[in-house]
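Consider the two complexes below, in which chain A is the common component and chain B and chain C are the respective partners.
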Partner chain A sequence: MTALAAPARRRRHRLPPILLLFVFVPFAVEAFWVFWPALQGFYLSLTSWDGVSPPTWAGFDNYAELFSDPTFGTAFANTAIWLVLFGGISAAGGLALAMLLQRERKGVGFYRAALFTPVVFSLVATSLIWQGLYQPDGLVNSLLDTVGLGDWQRSWLADPDTALYALLAPALWRQLGYVMVLYLAGLKGIDPALYEAAKLDGASPWQQFRYVTWPQLRPVNSVILSVIVIDSLRSFDVVWSMTKGGPYHSSELLSTYMYSTAFQTLRLGYASALAVVIFLLAFGVIVTYLVRVLREEES
Partner chain B sequence: MIEVSRRNFLLGMGALGGAAVLGGCATSASSGAVQQTAGAVSIQSNLSAPAAKAAIEALAKGFGEQGAAKAAVNTVASETFRTQLPSYLTSATPPDTYTWYPGSILAGYARKGLLLDVGDVWQGMGDYSPAFRTLSGDGTGKLVFVPTTYYWWGFFYRKSNFAKWGVTPPSTWSEFLALCETLRGKGIEPIGLGAGGGTQWTSSAWFDYLNIRINGAPFHRDLLAGKGRFDDPKVAKVLETWKTVLPHFDPRGTAIPFQDATTSLLQGRTGMMLIGTFFADAAPKEALEDIDFFQFPILDPAVPVAEEAPTDGFFASSRTPHLAATKEFLKYAATAPAQELYIRNSSGTILPTHPSAKDSGTPLVLKGRKMLQDAKELTQFFNRDSSDALQPTADTALIRFIQRPNEISSILTEWQAAAQKVWNS
Partner chain C sequence: MISNRVRTFLFHAGAGTLSVLWLLPIALVLLTSIRTFDDVASNGLGSLPGSFTLEPFAQAWGEGGVGGAMLNSLLVTVPTVLLSLALSAAAAFALSRYEIPFRRSILLVMLAGNLLPPQILLVPVAKLTEVLGIYDTLTALVIVQVGFGLGFYTFVLQGFLRAIPNEIQQAAVIDGAGPIRIFWSVILPLARPALAALSALAFTWVFNDLLWAITVLRSGTVMPVTPALLGLQGQYVSTWNVIAAGSVLAAIPTVAVFLRFQKHFISGLAIGAVK
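The block that comes next holds the complex of A and B.
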């Protein structure tokens, strides 16, 4: 408390106790509910623990094991694919939809609502719908048959070559509307005078986008990037409910591998090490990006 | 470094939750000696199929009508139940009693002191067969489980369909292959599987049966207990044999759960299916009368015949706050009238464990009971004879085998590596 007592002597900087309370109570809650469990998770990653007996100290064994674990390799590669495809398509698609639906036209509200609906759907409904579509005699296969692509029919979720990509569709279906709404909000915030000036200068629609819209969306972009990175690293529900990472780990993500290691094989220490890796990845990607953006803004 | 057990962790979180959220509202966490509390015995149940759920609720009601105490059923989805079981058992206020099965998981919890010693319940249970008594132990002689029902696995088919196709049940492997050929010739997928969409474990039944038919039950048990290796040539022989019949499997087998595979069987799109009688819990009653089964064909007459006979029942938490009432409930569940009540309310395709309790008496059940009685040895099922932690390794290996049967040796090498991790942890 000495650090706090020192500035308190200077009258102009005296903080009222109620303000201190406002700072420290949330901090204490945060520390107890977020920081402590996080540290706890890190501690567990250094132990081997079955969830019932007391954990035993294992040092960095769990991390060493990660390097020789082929399933971890698959999960890591799949997570990278997922980050690029899920992240890239939902950002690009969300922006495209937002551009398409930004102007107030008749009926535009209906389309916005329709695209946003999957976001509010419960996970159970989502996976039931898509599981039905992907069934061996589901809609996807019968559509392929109708358009003469019968050879393309397959058991989408049970085929190791297609399972991961088949899962991307429902995940994107849920994410696009969300990203679209974020971009719509960003687009609404752009001063129309900028477009008028650009038009007077004879800018083509592409130039308007390149030199007006895109730079103006920068703050929204950093929010969306964070959201997308976090969402793709914790993408779990759709994958778990539809394939559980299978068949034979072909659609395994780091998150599903963490869950199955923790709660199916009951190796909570190793699972905590996986969780730490996921955290470092999310943290690494986002911090790198934010640092770059902030530095650009300063200069 | 602070020693943190899950229990202390949960207690801490619980205490904080109580203080922060409810403003000091007391949580009734009792961590000391077991104490008697009023209220119903809670039965944590993973039986969510309609018929099975109705049966366990009838059992709870029947217990309530005895007058001593009441019981309340809390049904949880099977997957959730399995993953939450350690949390239930280690929580400060655990549910009293649980639907479960014997095997390594049971013994593991018992060794950690989480399960109630039910030796005194067993004393009043009468002349249960020694096999059930052995199953219910924790390996050190302490009894921690009360078996109530068991069932059998076999090739189920529709009698009317077999009659329509002009085929009869086989008894040897070559007859079985011939039957598959005949069905295939008639445009029917001979064998349904249902190892997709969350029920991949049904593929383990094939592995279990081929292994006990080719290598015998003792080898199978040792393998599953970690005393053997999956890259053993004897295991490779199991998959080699399986490979010969794989072309007769429904190609959708790894894409649909067993419930959908059951529907295909009842609709006559597949000819037969290796499954346990629990599939009937979700089947329409009128179709049940048309159902029959045959025993998994004999491959090597020199190997003593073993059958899979998974047993179900209850265990209880050692920290139950309703000690006396919980034991009353277990005693009740072990009686013949209670088991008959349960079977009457279920689909009726299970067998009671009580020696004098009557089963549903249908020809199907009589045949199933006789098959188990004639068997030289009984096994449980892959995850029961091994562990729930080993089951995912089997799912991964066997689904890959079904889809890529030419990779047997690399499949078995990877299976052994994955299993080794489970045994080492």
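The block that comes next holds the complex of A and C.
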């Protein structure tokens, strides 16, 4: 780092102007299409707007309305459930899969590839595949019948009791392989000497995990936590393509409710308030992530 | 103590079962896509195929509109990937190799833009494309995708470029090369692995996107393949063989990119975790 900074400092007085352009153009593009719209989003959340006539100032009316909107309550609760189940299962499952497939040996490449394959499909294609599985005559019901659980058969996506949970399966089917790759990369970075030392001290496999693997994975865990929280709050494709939040909003997430409020009901001000709520939920994670990056940049 | 052989057997049994379970939905969609409608209708979706036909593919491609949508997707994805990487490589080069004022803050602000939930941007961005007269055009989708991705690509690339030894650059400076020359002939060639990883990732992300497409596009004729699949689902309500064929077709480009760049792709995904 010092070797890199020293010659750069000498060059400071004559920084070629073209380099400023190199930074300015991309920054301006992002500013115009991301930062400026984001600011407008906050402003719009304080207005009432149908997208046609000019927005009218509404103060905090939209936010006040959120409290008495039962669909918002459902969407909020479902987003929390989604965060815990989708996030928790993909983190724990991804780690378990990575531990299982960590060692290089015969066949392990195939297993990894099999678990990873769904990551390359679009969530919409994934959803269509699973929608087929969930049909009344689909594989899920036929399997239940085969193993003698015929009573459990139902129309999974049309039943308000099961719709949200039925959506979790395809989302997880895709996310688990991704989290596994992140953990595999983290596990690879652990110094094997640590395990040697632990084994010499007579550590059991569980103790090796508890006292070597887990502490060593801390930086990876924090990345995965951020990825998972942000991914959960952004989750949209699976729900939109399979149920659109229905039946009766039973599988509504904040992201789908925001989209339908904006582009189907055309209540753009209220939708912006919903978007601000999503932003506030993500805010803590974003800041933590940036602070972490900043600290690494400094070291 | 369990013998090693038993343990190896247990490992393969467990991992093998899991892999089969994981691939099962994909196998099923392939099997469904080659069945006739009558076969699916009379024997059910969960049964083994009793027929063979490629008709569903033709239907999905032609009247289902997947063919045209595929073209739209490529028209969006290829320029988006090229443009995003060109812009972010330039920014990453300047930020990582020169003492640009406030470079750390610029980098963090750009990354923060990518971490924002897209929902906060949807309404204003849709309006912005309307004001600029590009709403409902592929151009709008390209520009929006570039804008939203830049922060992340710049961040990843600068981390990679920073690790290139300074001596290499010094040698080029002594030979009289200016910044553009250094960028083009020295740094970019060295950054190829990172660029390959990011292109593969960006390709899948942009190709598979749904949210931005349905935000800035409205007409069926400009829809990329992901929203077109949703249209297919509405059009062929329980004609599952056509829907399955459409999903298979839509997956081909990303699967091809994945197979071609497998190593880069996976290392690209892992970039965030080990940094």
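Everything that follows uses one rule, which is that the second predicted complex is superposed on the first by the 254 of 299 C-alpha atoms of A that agree within 3 Å, B and C clash if a C-alpha of one lies under 4 Å from a C-alpha of the other, contacts with A are read in each partner's own complex, and residues count from 1 in each chain.
Operating definition for what follows: a residue touches a chain if its C-beta (ideal position, glycine included) is under 8 Å from a C-beta of that chain, and two chains touch if they have at least 3 such contacts.
Keep in mind it's a predicted model, so treat the numbers as computed, not measured.
A.B. asks: Check the residue A:Arg267 against both partner chains and state whether it touches chain B (first), chain C (second), both, or neither.
C.D. replies: The answer is first: A:Arg267 touches chain B but not chain C.
A.B. asks: Touch check for A:Asp151: first (chain B), second (chain C), both, or neither?
C.D. replies: In the superposition, A:Asp151 touches no partner, neither chain B nor chain C.
A.B. asks: Would you check which partner chain A:Pro160 touches, where first means chain B only, second means chain C only, and both and neither mean what they say?
C.D. replies: first
A.B. asks: One more residue to check, A:Asp50. First (chain B), second (chain C), both or neither?
C.D. replies: first
A.B. asks: For A:Phe32, using the defined touch cut-off, is the partner it touches chain B, chain C, both, or neither? Pick first, second, both or neither.
C.D. replies: Both partners, chain B and chain C.
A.B. asks: A:Pro247 in the overlay: touching chain B, chain C, both, or neither? Say first, second, both or neither.
C.D. replies: Only chain B is touched by A:Pro247; chain C is not.
A.B. asks: Identify which of chain B and chain C touches the larger number of residues of chain A.
C.D. replies: C
A.B. asks: Quick check for you: in the superposed arrangement, does A:Leu290 touch first (chain B), second (chain C), both or neither?
C.D. replies: After superposition on chain A, A:Leu290 lies in contact with chain C alone.
A.B. asks: Which partner does A:Glu104 reach: the first (chain B), the second (chain C), both, or neither?
C.D. replies: Neither partner.
A.B. asks: Considering only the touch criterion stated at the top, classify A:Gln135 as touching first (chain B), second (chain C), both, or neither.
C.D. replies: Both partners.
A.B. asks: Hey, what residues of chain A end up touching chain B and chain C alike?
C.D. replies: Common interface on chain A, chain B vs chain C: 29, 32, 40, 51, 131, 135, 263.
A.B. asks: Which of the residues in chain B end up touching chain A in this complex?
C.D. replies: 1, 3-6, 9, 16, 20, 83, 86, 89-90, 108-109, 112, 114, 196-198, 200, 251-252, 254-256, 388-389, 391-392, 395-397, 399-400, 403, 414, 418, 421-422, 425
A.B. asks: If you look only at chain A, which of its residues touch chain B in the complex?
C.D. replies: 29, 32, 40, 43, 48, 50-55, 57, 70-71, 131, 135-136, 155, 157-160, 244, 246-249, 260, 263-267, 270
A.B. asks: In their complex, what parts of chain A are in touch with chain C?
C.D. replies: Going by the criterion above, the answer is residues 3-5, 7-9, 11-12, 15-16, 18-20, 22-23, 25-27, 29-30, 32-38, 40-42, 44, 51, 97, 100-101, 107-108, 110-111, 114-125, 128-133, 135, 137-143, 173, 177-178, 181-186, 188-189, 220, 223-224, 227, 230, 233-234, 236-237, 240-241, 254-255, 258-259, 262-263, 268, 271-272, 274-276, 278-279, 282, 285-286, 289-290, 293-294, 296-297.
A.B. asks: For chain C, which residues count as touching chain A in their complex?
C.D. replies: 11-12, 14-16, 18-20, 22-26, 28-29, 32, 44-47, 87-88, 90-91, 93-95, 97-100, 103-104, 106-128, 143-144, 146-148, 150-151, 154-155, 162, 166, 170, 178-180, 183, 204, 207-211, 214-215, 225-227, 229-230, 233, 238, 240, 243-244, 246-247, 250-251, 254-255, 257-258, 266-267, 269-270, 272-275
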